[in-house]
Structure formats: C-alpha cells, structure tokens
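One chain, chain A, appears in both complexes that follow, with chain B as partner in the first and chain C in the second.
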Partner chain A sequence: MSKAEQQPRKVYGMLAEYSNPAKLIRAAKLVNRAGYQKYDAYSPFPIHGMDEAMGLKESKLGYIVLFHAILGFLGALALQIWTSSIAYPINISGKPFMNIPAFIPVTFELTVLLSAFGAVFGMFFMNNMPRHNNPLFSSQRFEKVTDDGFFICIEASDDFFDEDKTKKLLEDAGAIHIEHIFTLEDR
Partner chain B sequence: MAKTKPVDDLTFPQNTGILRVLFGIGALGLIASFIGFFVDSKQFHFSYLTSFSYLASFSLASLFFVMLHHITRSSWGVTLRRIPETFSYQLFIVAIMFIPILFGMEYLYKWTNPEILATDYLAQHKEPYLNQPFFIIRQFIYFSVWSFLGYRLYKNSVKMDENADWGIETLQRKISAPGILLFSLTVAFASFDWLMSLDFHWFSTMFGVYYFAMSFQAFFAMLILLGLFLRGRGLLLNTITRVHIGDAGKLMFGFTVFYAYIAFSQFFLIYYANIPEETLWYYHRLEGNWSVISYSLIIVRFAAPFLLLLSKAAKSNFTLLGISSVIIVVIHFFEMHWIVMPTLHYHGFNMHWLDITTLLGLGGILLGFFFFQFQKHSMVPKNDPKFLESLNKH
Partner chain C sequence: MSKKYEYVPEQPLVQGNHTFSSITALIGDIVEKPTPMWWYIAFGVSNLLLAMLLGMIAYLVWEGTGIWGLNNPVGWGWAIINFVWWVGIGHAGTLISAILFLFRQGWRTAINRFAEAMTIFAVMCAGIFPAIHVGRIWVVYWMFPIPNQMQMWPNFNSPLLWDVFAVSTYFTVSLLFWYVGLVPDFATLRDRVKSKFGRFIYGFFALGWTGGNRQWQNYEKSYLILAGLATPLVLSVHTIVSFDFAVSIIPGWHTTIFPPYFVAGAIFSGFAMVMTLMIIARKIYGLEDIMTVNHIEKMNMIILVTGTMVGFAYVMEFFIAWYGGVEYEKFAFINRALGPYSWAYWMMFLCNVFSPQFFWSKKLRRSVTASFILSIVVNIGMWFERFVITVSSLAQDYLPGAWGYYSPTWVDVLTYVGTFGLFFTNFLLFLRFMPMVAIAEIKMVMPQADPHYYDENGDEPVTANEFAKKPDLNA
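Here is the complex of A and B:
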C-alpha cells in the first residue's frame, strides 16, 4: 500500500455495487441515459431487460458468421472446382469434371464449419477474450459477482468520465458501495 | 389492422359468410372436377391425387405437430395449438376424400394392370406388397390410425376447455407417445403407396421422410398464414403475439433447411450411385420443361425463404414471414405436381384445368370444415395448464 501512496496510480474505472437486480437495471438505465459508452454491468446471472436498459444494440456477431459462411461456401466450391476439374481432372464413372451436385456435401460441411468457427472465435473476439487478467479482479468486493453482487463499472477512458460527476451519478442511482479500480500496469 | 382491444375474444365470430364462400368454391370445384372425370378420367385421377396429397400433407403435419407438442410438454405454441388440432381433427374427412383414388387405381397405378403384371419382372417381384387388396387394407389402417389420433387429441383438448381437468394433459401425452411412432410408420408407407408406387420400378427409402419434410415445412407456412389471418381480422391480438408467430417462423426456417437437406440427399444418393432403375425417376423430371420446375424448387423452395428469413429480425417480421409462407405453400403444390404428373405427362410440364378444379374443390371443402369446426369452440386451449406460460412468453 505504501508504494501506491508514493506514485499516483492510473484509474481504470469506478466500480459501484447495487443491492439487487432491479436497482442494477435502474442504474444501468441512468448511466446509459447520461451518455456513457464504456461501461458494463456485472451480475451473477443474466437479468431480463438488461440489454434494453444498457441500450445495447443487436450483436454484430451475425455478420461475422455470415462472412465466414460465404467464405466457406465459395472457398469449398473453388477448391473442388479447381482440384477436380482444372488442376487434376479424374474421370469418375463418366461423370462430368465440373460435377456440382457431388461438390455440395463438402460445400455444405465447409460452410457449416467456417460458420461455427466464425461464431465461436468471433464471440471470443467481441468479448475481448481470452485475456489473462482484468483490472476488476483486483477488487476484493468484486468477488461477490459470482454470488450475490451486482456491479456497474464505468471506465475512466470514457469521454464523460469525471471523478465527481460519475461518482454522484452512481450514488444517485442507489449504489451501496463505490470504489476506484486501478489499472494493472502501474502497480 | 384492427384496433387492439384490451381483452381478446376467444371464439371466432359466428360468421357464415366465410363458410358460404369456402363451401361454395369447394362445391363448384368438385362439380367441375366431376365433369372433368367424364371428359378425361385419367387426367382427373392424377389431378385428384396431386390435390389430395397436397391437402392431406397439411393435416398430417398438423397431427405430428400436436403430438410433438404434447410429448415434449412444450409451452411456447399452446396459443397456436388449436389451429393444428382442428386440422388434424379433419383427418376423417381426408379419409373420405381418398375413396375416389381407390376406385381409380387402374388409372393411376400401372402395377394394377394384369398385362403389365404378366410381363414385367419387377411387378411380379413386388406383387406381395403391391396388390390391390393389400393396398386397400393398408389405406384402411393408415386412415383409421390418423383419424383416431386426430379425433381423440382434438376432443380431449376441447373437453379440457370445458372442465379444466388437468389429468387430460397426461392422457394426451399417453396417446401421443405411441401415436407419433405409428404416425411415422404410417406416413412413410402412405407416401410409398400414394406417390412412389406411381412409378413402381422406382424406389427410394428416403421417400417417406421426404414427404414428411415437405409437409412439415409447408405446415409452418400455413400456420403462420392462419395466425396472420386471425390477427388481420383483429382476433387474438394479445394472445397470438409477434413472439409466437416469430417462433413458428424460426421453425419454418429450420424446416426449410431440413427439407433441402432431405430432398437433396435423396437426389444425391441416386445421382451418385447412377443405377438405371433409380435414376429414371429423376431423369424424367430433368427432361424437357420439367427441369424448370426441378431447378425452381431449389431456388423458390429453399434459397428464397432461406435468404429472406436468414436474419433474426426477419423471423418476426410479418411481411417477410407472410411472403415466405405464401411462396412455400404455393411451391409445395407444384412440388406435389412435379412428383405425380411426370408419370402421366412425361414429355413436359403441363398444367391442366383439372389440377385447379380438384385443388379448389378439395381445398375449399377442407378449409370450410376447418372454419366450421374452428367457430364451434374456443380458438385457443384456454384451460391448458401451460396456456399462461405461453401467453407470457417473450
């Protein structure tokens, strides 16, 4: 602790705790309405209506999956057309070299495979995963989030972040505890 | 769109106008078809079989949907369930409608012809299964199973409306579990008998599931259209909500893919094995302008609904759902036509006026009976234990 007093630590964000899901929703609504962008709500279980309260838009994941599906579809067709009708044509029971029906199973499988990859890895990417640590883990109180804690963290990098105003907003929303979270690098 | 009322009426307004129109169309269609019977009896029977297989598929898929619902104790579609229940109740009328096909077997099925039987090796080989008495016995079994299941499930559901006896729900499940097993077997063999045996040289073990996949996709299209029709008349606006129709839309999307998977698999296995007696069936359908229908099945029945309904928002967008459903219901008829007719018109696609009159005749009568029955009772299973859960779905 003494080391921290010597040099000012960089604030990562402000963490506020709320007593129940209803209060968390209300707080998220207020934070959203105040114009904050870089904030997140944390709870032990999914809360219905949280997406609307936080003003979250439809996930972009679908477009990532669609892109990969099209890539898989065209890639599989291109691969098979090139290998079996251009690069190394083999006569298979007199069927045409450009045998589209025979290409469909592989095309289908590759479309599904790449869509699944797109969905899983796209989800990781959009959630900033995998990462080794998160500044929030330094908070003792935050451990309650897997049990009975309901939190909102507003990041300091948000344009609207202001030491006093943000604190006041979170308090007005009914926070039972507010603390600073510091970035990991400066510790 | 009518104004939203805070409380929904649970019964269809007593309206004889819609019945008069539907029964009128049905009667006119049947009279015209009856005249057509004397003009061209061969064509009449093929058109009748097409329309019959088309319309029966809706009632059969409805029966499957109801039984699936009971077995899985689903709650999402309880508000929609009375529609398929009423359709499956009609299966005894569908059974009566099959009688002309029994009398027209010599027009439809070449294997009934003694001359062919005397000379054709395959006809002799398949004779233990494909003979007239056994065919008639099988039809009797199929229709008794279906009529019984449809009748019982509907009557029990209606009884629950009146006395709110939750024990009936258990009974429905007990009927549905063996029912679904019998259903899968009978529908597979019925499709073999009605449609596959038109060309008795040909066989495909996937034909049963192919008929089912087509029917179930078209069933969701019909369910969505009827749901939208009710909402369009300002009925059940708070009961059948965007969520329920959206869920039916998701299933329609899913079964569009399932249909494409099954239909392509059937084609693909035959195409790749390339055994003459199997490929001939597809050969006829890829010759001349039948190939136009073949290719448009891929585009209209699979690609169009698939792309239209791919995004999440589209699955609960009434306009897009309505368009896709209409496309599917229409192309389902053309696919049935494409299965039946090349036996008769192997040189090319040819829409006969009897195709339309038989469709209007049988369709008008069946839809007329549907609304007749639908008006009699509540439009939703209002005392179902899961009804509230279904209403509160979001």
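Here is the complex of A and C:
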C-alpha cells in the first residue's frame, strides 16, 4: 500500500472482459483496426475466425518441424549407414552392409520422433512457455480465462496505448469489466 | 416438385443444458471432490497386482527365462503374445486423437483424453515384455545404438530392432501428444483448485498457459502437425510389430497380409478397451452428458468394421495358403483350425468375427450393457488371436520330429495378470488427479463456442430451442 502512495504503479496493460466469443471477436477486430500491435485475445478455447479478426499471420511452426524432420531423416540414415557399413561391418546372412530398404523403418520412426519434438518444443518456444510469472496472473478476474472468461489485454508498451482512448475503445466494443494490470515489480 | 425436405440436425455432442462453466465444473471438480471409497479399494487391489508383477520380474531376472513355459520348439510364448496384445490396445488412443482429429470427427473430444492415457499405460505394459524377455536384462542397452565395450552396434536389418525404435517412438510421441492436450486443462485446474499445493503443481505443468489467441494459434498448429505425424506413426507401429512375424520364414507368419491385418486388429482391440473403460468411468463420474450413447454407438460401428476386417483377414489367410500351394503353409492353417490348438482358434473366431456382428442391430449398438460385455469378449478374442499366431505356427512347423506342445507356467500367468496391476494403478492415478476429459476441446464443440451462434449484436439467442427452430430454409 505504502508503495502505491509514494509513486504511481507502473501499468503493464489494460484488461477488458467480454461476455462471449462473438463479442470478443468483434472487440478484437476493432482493436486491430485501431492499429494496436501488442495485444492479445484470451479465451478458454480457440475461437474460429480469431486469427483473421486479429490480423495474425499464419503460424511459422511448420518450418521448425520441417527442419527437425530433415534432421531426423538424415541423422537416422547416417547412424545406420555409419554403424553397419563403416564402424563395424558384420556380414549378416550375406546381406549388403548398406542395406537401405532395411533401414527405412528406423529412418521413418526417427523422422517422426524428431518432428514431434520440433512440433511440441517449438510450440512451447514460440508461445514463451514456460513462463509462470505473467503479470496477467495477478488479476483475480483473469482466472476465469480457463473457465468461461473472454478477455482482451492491450499492453501499455504499445505505441497507441493511451489511458483514456484505449479505455474508451475497449468500452465501446462492449466490455463488461475493465481493469489495469500492473507490472511484476509493482504488483 | 412438392417434395418436402426436412432438416435433420446432427445430434448435439454435449447433451443436457450445459454452459462453459458447468462443463469446467463437471470435469474439474472430479480432482477436488473427496476420494471415493471404491477408488481406495481399486487402487489397493491394483497395487497388490503391481507388486506381484514386480515380484515375478525379480524372480525372472534371478532365475532366467527357464521359469516360463518356453522351450524348443516354442521359443516365443506368452511374453510376445502379451506384448502384441497390450501394444495393440495402445493403438486406439492415438487413432482417436490423431486420425479422428484429421477427419474432423468432433465426437472424439469426449474420449480422446483417457483413450490417450490408456495408450500410454498400455504401451508401458507392452514394453515390459520384450525388455524382460531378453534374458540378460542388465545388458538390455545393447538394443540401442549406444557405444559399448565390444564396439558392436545393433543389427539394423532385424525387425526386432525396428520394433525397439517403433515402440519407443510411439510411446514418446503419444506422451507428448497427451501432454500438449493437457496443458490448457492443467491451466484450468491451476485457476480452479483451492489447495496451495494443487495450484503450484498444476500451475507448474501448465507452463504459464494464458489462453491468448497468439498461443492458441501456435497450439492448434502444433496439434494439427502432431496429428499428421501420429497418423502414419500409429499405422507404422503395428506394421512393424507384424514384421516381427512376417519377415521370418515360419509357415503361417510369412504373409504379406500381416501389416494391414495387425493394424485392423489393433484398432479393434483398442476401441474395445476404450469402451470397457469408458462405460465404467462415465457411470462412476456421471459423465453421461459428455460420453453419450451416440458416442458408444459410433465406437461400436468402428468395432464392427474393424472386427469384420479382421474376420476377412482370417479367411483370406486361409485362401492364400491354399492358393499359394506351399505344402507347409497349407498345413499350418489346417492345423490351426483342426490341430491341437483348434480350441484357441475357434475361441478367437467366435470372439473376434462373430461377436461384433451383434452390432448390426441398432438396439444393441446403443445398449450400454451389450457394449460392455462385447468389448470384453473382443479383447479376450484378440488375446487368443496372438496366441494362435505365435504358438500354433511354432509348435508345428516343418519336421514332425521337431514338433511340440506349448503350455505356460504359473509365472507366465501371474506376470500377465500383474501387468493389469501396472495398468490400473496408473489409470486410477490418472482418473484421480488429471482432467479425464479434454475440457477446452469439449467447449470447442459446444454450439456457444461458435461466434455465429450469437445474434447480430453478439447476444445469446433467446433460447436454445428457438435457435434450433430457425426458419425453414426451404420455405
């Protein structure tokens, strides 16, 4: 308390709550059109059409997965060719040392394995996870986001952020509740 | 042209008048309610069985595989049968989560979470058998390409080694897939449970999930890619398991029909197992609104289809054995049906081919009791299928002088029974402490999740009934 009296607390962003997915998508459209960049629409489940409403580009995760797939494919082939025909060639029932058809199953499995690592850990990486200290978690209301709450948070670091104008925009979009989120240091 | 068309709406996937928050409460509260008595009893029994499994494994490691019923000519007995049986069961989870996801089957959301859990635990049970079957388990790492003192590497020409890679990849990918699905639901529990420790532990595993659309966007992409990867994977795993048999030259094993036939059998037994577990879980936890009779009916259709495919494969094997004209192959099949193991063969035929045919009747398809009984019958039949394939081909192959008759010992039986302890210990822990239905995904298939459900002002339509009776489009 005393800290707040000494100096104004630093604002991380403005959090507005909406009552349902339709209102959230409309609000996101308005926020996007107003030119904001650093904002996000929070919901308990992915909402169809939200990417377009927010003007987001396609996720780049596919490239990460492709890179891992190629790595897995080449790595598996290299492992098998090197071990069975270079490091210690053993004659097994007269089969060729570099028996490519027999190497296909393991190559396939390792390609899938590496791609799956890429898909999961790449997704965590792109989503800034794990991050347990998000300023949004200080809001009691925000706990509803994983239940039935629909929120938009515009960050104060956005160029267009302005106490009154941003608040008015969120209100006009039909917010049922608006609150400030403070930075971690000033929580 | 006075023909009148009537609009037949699809059955709602979630029944009862649920809102988003009542769904969260329905599933999320399970972990917070006091632990019911039956859970402790079931958990206790499972723990005893698990202890027995560990005891049997310890005995095996101490004494060696001679305590099993294995001998010449049958060197592959219950261990391999149980391995194939469990790993087959483990196929339904990823099938439901990956293949049905790619086919946009919304009904999968009700069952995918615990079908995936079942997959992971079943693959654990499966993995035990080949590992302990190696005999000298302390050098089991020779199966992996790890540098060792002999400077030797695994034989990449061997289907048994392909199996090591297939099953371990399958386990890892299933686990990751399961975890990705769990992250938003762990976040739900993080925001919901009252105990401080609960918040910490669920919050830890939720990895700071916020539900922002920028996260959902990558998340959905990741889920789609994983589904795309898991689909060929799930088909490849049982294909490679079938290679263990098909690549050898034992009569009755050396057939090209094995991969598709094994995959169909795996899906068949996996769905049956999901059905058994689902019918118990929905009853105990009152989830009838989510796992509806429509779900049971759809699963029964898949059981009917795959069961009939398996039946087709049995008949086709016979035909090809005759048509191929190889003397030993012909004998192997006639011997299966009429030889010393014919009791197992007809048991298999009865359970796998005839019993699912009851599901042609819509009434039985929608009957909970019939589904429960038949799902167990199917899994008994699938165990016998692996028994017939493994044992009958080895016991009587080429030279009559080398024939034999295989019987398991008590250690074989108790080890198999013990794996149920491992399975149910894990499964009960899962039911108790994890969201057993994908909460976020269930919300997604509710009508309220669609922005177009709401009117022009973004408000709820007056009543759900009125929404259903929207003006006739053909009027």
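Just so it is clear, the second predicted complex is superposed on the first by the 180 of 187 C-alpha atoms of A that agree within 3 Å, B and C clash if a C-alpha of one lies under 4 Å from a C-alpha of the other, contacts with A are read in each partner's own complex, and residues count from 1 in each chain.
In the analysis below, a contact is a pair of C-beta atoms (placed from the backbone, for glycine too) under 8 Å apart; a residue touches a chain by one contact, two chains touch by 3 or more.
In this text the structure is predicted, and so the values were computed from the model without any measurement.
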item: Which superposed partner A:26 touches (first chain B, second chain C, both, neither); value: second
item: Partner chain(s) touched by A:70 [first = chain B, second = chain C, both, neither]; value: neither
item: First (chain B), second (chain C), both or neither touched by A:62; value: both
item: Contact breadth on chain A, by residue count: chain C or chain B; value: C
item: Which of chain B and chain C A:102 touches, first, second, both or neither; value: both
item: First (chain B), second (chain C), both or neither touched by A:78; value: neither
item: Chain A residues contacted in one complex by chain B, in the other by chain C; value: 62, 95, 102, 105
item: Chain C-touching residues of chain A, taken from the complex the two chains share; value: 20-23, 25-26, 28, 40-51, 54, 56, 59, 61-62, 65, 79-80, 83-84, 87-88, 90, 92, 95, 99, 102-103, 105-106, 108-110, 112-113, 115-117, 119-120, 122-124, 126-134, 136, 143-148, 153, 174
item: Chain B-touching residues of chain A, taken from the complex the two chains share; value: 58, 62, 66, 93, 95, 101-102, 104-105
item: Interfacial residue positions of chain B with respect to chain A in the complex; value: 264, 267-268, 271-272, 274, 310-313
item: Parts of chain C lying in touch with chain A, wherever the complex brings them together; value: 19-21, 24, 145, 151-157, 159, 161-162, 165-166, 169, 172-173, 176-177, 179-180, 183-184, 187-188, 190-192, 203-204, 207-222, 225-226, 229-230, 232-233, 236, 240, 243, 439-441, 443-444, 448-454, 458, 460
